[in-house]
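After this come two complexes, each holding chain A, first together with chain B and then together with chain C.
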Partner chain A sequence: MSTVAASGSIRRRLTLQLAAIAVLLSVAFFLIVRGVAEQAAGQTQDQILAASATSIADALRSEKGQVQLELPYSALSMLGSVSEDRVFYRVAIAGRTLTGYDDLPLPALPEATGEPVFATFDYRGEPVRSVTLSRNVSIGERPVEAVISVAQTRLFLGAIRARTSTIAAAVGLAFFAVAVSLSLWAAHSALRPLERLALSVTRRGPKDLRPLRAETPAELVPLVAALNNFMERLRASLARSEDFIAEAAHRVRTPLATLRTQAEIAYRRVERPENRAALKEMILAIDESSRSAGQLLDHAMVTFRTDHLETEQLDLGELACDTRNRLEPTAELKDIGLELELPDAPALFEGDPILLENALRNIVDNAIKYSPPDSLVRIALHICGGDYVIGVCDEGRGFGTGDLRRMTRRFSRGTNVEDIVGSGLGLTIADEVARAHGGRLELARNKGGKGACVSLVLPRP
Partner chain B sequence: MRLACLATALMAIAATLAGAAHAFETEEERRFPAARPGSELRVISTADTAVFTPIILAFQAENPEVAVTYVTASSRELMKALYEEGAQFDLAISSAMDLQTKLANDGLVRNYSSEATARLPAWARWRNQVFAFTQEPAVLVLSKSAFADLPVPTTREELIRLLRDNPERFYGRIGTYDVRRSGLGYLFATQDSRNTESYWRLTEIMGRLGARLYCCSSDMISDVSSGRLALAYNVLGSYAEAQLHENENILIVEPGDYLNVMLRTALIPNTARNIEAAGKMIDFLLSLGTRPELTRKTGLPPVDPSVFDRNNAFRPIRLGPGLLVFLDRMRRETFLRSWVSSIEQ
Partner chain C sequence: MRYLLVEDNERLARAIVTRLTLDGHAIDHAPDLETARDCIAGTSYDLILLDIMLPDGDGRGFLEEQRRKEGTTPVIVLTARSEVSDRVGMLDLGADDYITKPFDFSELEARCRAVLRRQGGAARNEKSYRGVVLDSLAGTLTIGRRRERLRNRELRLCEVFFAAPGRIFSKPHLMDRLFSFSEEVSENAIEVYVGRLRKKLEGSGVRIETVRGLGYRLVGEK
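Presenting the complex of A and B:
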């Protein structure tokens, strides 16, 4: 199994992008609310200023050839009703101040519109908003222009800005918090079908190459389709290679069998010793080839099964007994006794019975093959600490000199095999099976002096 | 409102000689030395030194390092000192709410805020610059002997009817402020004119009955108690209250239609140097409500919003730009012209 390096996370990206959008919207909300509030406050101030100036204009009257003004109480008090801003006013007749603040600037008024003119400027150390309007008052026959200006500082706007800023900031923050938690939730729920799919793929058994049938959102349909397509191809190619191996082995073995029969018939017929020797060698070579083909097929099968290990509960004692029984005829041919020693209780183990049987068969096969006729082979199953140990010991020629670990390598055979037929794959197979089950293969020289001891060590569950 | 200058032996009077140094006229200047060396707090005030002495001594008991120079002046002279001459004072205390408001509006006052100012009701402060520490209603003071067989009027309408029905009894025996001379009288009168139409009828009747005009509440009160006046209109309640114990003959009537309540205010002018001590003094003045012994000694009723809940007729005069209206040159001229033509017949 290979591990896949993750480059980024959809969930994180989705969450971050949604959060970034939330930030943008919150800030936009904040600015808009503040802007609107400020504008509204500014308009309110302008309206009150205009109302104040108008009420002053309305109070203008002429009396005995002079313009008189009784400043209405409400003209100034209304300005004090919304805020504690400073208030200034000036009434000028034909450029001469009638009453109020002499130095209050009067902006230039457009000719005879009567519309109030608003201005913002600094006055007495503070920015003020002023409104100026003109009104014609008649003195006797002659109309004169009265200019009325009312100004107010803008503390009020600052206060409104501060208050709306706090409220807008609080609402913006709350909005942001809600949006982020919603985006977390959205990212989570958007990815749920993907997780479900991943789970349903990982949950499958190693040989389950059936197409996925889980309900799939539209966006994942191409992925699932591609996956199904891929699995279909994999299934087909696996089936093809299994077929191919079986077919190949069959194709090799059948003609080899025919060839061996013919060679034996020929061997019986020919008389000349040099011809007989040649045929004998030929038969031996055919046997080697046939054995190699069989072992290669077995090895291929073992490799495949260990890659996709499928285990089941089994009794190792029963397995050893089966193996012994199957090989007994072979042993009898050489008058070799096969002894079996088992514990009383069943040795329960989770494993692939075909693989384990194959491994044990190869070990026992070696013991028979490398033993002289009329000898004894002992198969014993022990429980040794946390392990099951299936030991196979014989009285044969032993491993000879040399490195024992070398024997489990592919196609590696001992130096003392003489003309005994073999391919060098038997112990390789046994070793691979032991490893696939979390165990190991141990080779040892028989302690009694003669013979070899090969043990299959498997961890107890 | 300025009590007759009762110079006691304790008082070291730096006489009005000091007035030669500046153009505005002071009435009295007194220095209260500090117990420990420290800073100097210069106060200009419209309240008599005698009235304020207990407050200053109590303040110095808590702040022994502050020496206080207490200068008294009329509200107009106080305005002149600060507005026109930029005289150096750390604190200005005045009953002329309109002038105090104008000082703040025209940018001659410093901001100040503290826990004590934050506790003030909104109507008792303006712009974190003007802080009210007393509430003193304008009342009607009657002579008990003059009203022995007459019903006591409870509203201005009743008073008008009473005066109209008994002209001979009240002729020459009515007292009120000369609003031309008294800033407080002008404040009360203008607020009256704003509050009710009957004010002008009342003024006219008082004029017809030869009303006597006064500069100060204290003079009106003593004339009522001596029996020279049968009634005085728009008298500072706090002053009358103080006289009540010594005088059997006076009766205080709080008109039931409405009562103008003057707020005595303190502010820190821009010319202040000892801002820290000025702030402490403001906080101290705002704490008068928790010092009943000072209220008793000075007769200055502290700011107490619950009074307004109890008596609906109580109306605090609103601080704010509305007060600038009657300071308008033309408006003042018009008002005084109407008033004079009503009162002088």
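Presenting the complex of A and C:
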């Protein structure tokens, strides 16, 4: 199974993006709440300051050619009622301070409109908010401009800002926490159809190439459609390659069969030894090429099937018995006995019957091929610890002096077999089948000195 | 024995017919399934050799059809396809055996014998000469009340002699019948099998005579 390198995770990206949005929203919320609260508090102060200045202005009277002022108590107490902030005031008549703080700055008033003018500045080391308004007071026939200014420090505003900041921050954090967990959940639920899809593809059998029919969200339809299209093409291509193998075999083998049969007929009819020898060489060459073609095709099929192992439960004893029966006529031709030794209980194994039969047939076929006439080939199925061992031993020439491990390599043959038709693929096929089933092929020289032992070792379930 | 060969490739069919006739078998050829059905309706065969890919249908369908009709004639499938993919299906459908093209005719004969033997004597194939009975399927020689079991090569040698008693068979001819092409054997090897057969025929009134320079023949005792 090949692994795919993941380039980032959709879940993580989605979560991070949603969380980033949540952060932005939280900060905006915090800023807006604090701004609105500050503004509301500032407006309140302004209104009270204006009311206070207006009530002072209303208390101005003209008496004996002088402007008189009796500071109304309520004018300053209304300011005090809101907070502990300090209050400053100044009333100036025609630029001369009538009462209050001499140094309280008076902003320039545009015209004597009576509209209050607000200003913020530092006074006596503290930021203050002031309101200034002018009022014309008549002294006799002459109107005099009276300027009234009331200022208050902004401690209260700071307190409000601090309090609203705390609350806004707390609410913002809570919002952030909720938003992040919601985004986690959203990412998870958005990706669930994808996971379901992946699961339904993984759960399929290796040969199941039917199109996916599961419910699919609209966004995944293109992906599923592409997947189905791909599976369809794969199925067509697999079918084509199977057909091709079958067709190739047919095309190659039918003319070879004609050739071989005609050669045999000719061999039977000619008398001269040199002609007979030539025909015999020809028949051997035909056998070699047909055997190679057959085993190459078998090998292709085996490779194809080991990639798509179709397992079912089978009895290895029965398999060995079938193989023996199948090859008995071949063995009989050389008066070779095929002996079969099976355990009493069925040897149940989970495997591909066609592959296993092919492997065992190749092993037994080899044994027969390399055995002398009037000898014995023993097929024995044993249980050895955690393994089933199907051993095939003959009384033939053995493996020669070469390296036994080399024998299972493709096209590799023993060092002593030049005179026998063979392709060197038989044991390779058996070895590959064994490996595909988690087992192995073991080669040994027969203990009695003569012959070879090939064992198909398969792990017991 | 009487064979029916169902094979669409003309050249191969002609070759197989000639080859089996050489061994003394009677063989009818059907190039398609329809002809094959007609043949089966008209004659009874010991064995059917069936190709799989035929112009008017799949040989597997024919096989199924025969088994449904409870035809008991054994069928050996001639397959040209990969053994891995094809064989299981064919045996499941009721073929008695299969052989992959191209094949060795001695192997085909061995498979036919095995199939007929398994079928249990429906078609007994016995030949006798002067009271000695050769049963090819059972692989036995019956000499009066004595029964001798023959090994495969002894049996095949016996069949050659019993098919034409009195005729002289040369050593090369006998070797062709006994050994496969891939076996390197000297002409003396034939003497071993003739010797074994002589031993089994002792006291039967029949013996294998050496004709100097020519070969061997089966003769009765004077």
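What we mean here is this: the second predicted complex is superposed on the first by the 460 of 461 C-alpha atoms of A that agree within 3 Å, B and C clash if a C-alpha of one lies under 4 Å from a C-alpha of the other, contacts with A are read in each partner's own complex, and residues count from 1 in each chain.
Heads up, the rule we're going with is that contacts are C-beta pairs under 8 Å (C-beta built on N, C-alpha and C of every residue); 3 or more make two chains touch, one makes a residue touch a chain.
Keep in mind that this is a model prediction, so the values were computed, not measured.
When the two complexes are overlaid, the chain among chain B and chain C that reaches more residues of chain A is C. By the touch criterion defined above, A:R378 reaches neither chain B nor chain C. In the overlay built on the shared chain, the residue A:R90 is in contact with neither chain B nor chain C.
Once the two complexes are laid over each other on the shared chain, residue contacts for A:E70 go to chain B alone; chain C is not touched.
Of the two partner chains, neither chain B nor chain C is touched by A:R154. Of the two partner chains placed by superposition, only chain B is touched by A:L79; chain C is not.
In the superposed model, A:R129 lies in contact with neither chain B nor chain C. Overlap of the chain B and chain C contact sets on chain A: empty, with no shared residue. Touching chain A in their complex are the following residues of chain C: 9, 11-12, 15-16, 18-19, 22, 53, 78, 80-88, 97, 100-107, 110-111, 113-114, 151-153, 172, 176, 180-184. Taken together, the chain B residues at the contact with chain A in this complex read 104-107, 126-127, 194, 318, 320-322, 324-326, 328-331, 334.
Put simply, chain A touches chain B in their complex at residues 68-73, 75-77, 79-80, 84, 86-88, 98-100, 124-126, 155.
Residue ranges of chain A in contact with chain C, taken from their complex: 242, 245-246, 249-250, 253-262, 264-265, 267-268, 273, 276, 280, 283-284, 286-287, 290, 294, 297-298, 300-302, 305, 326, 328-330, 332-335, 353-355, 357-358, 373-374, 419-421.
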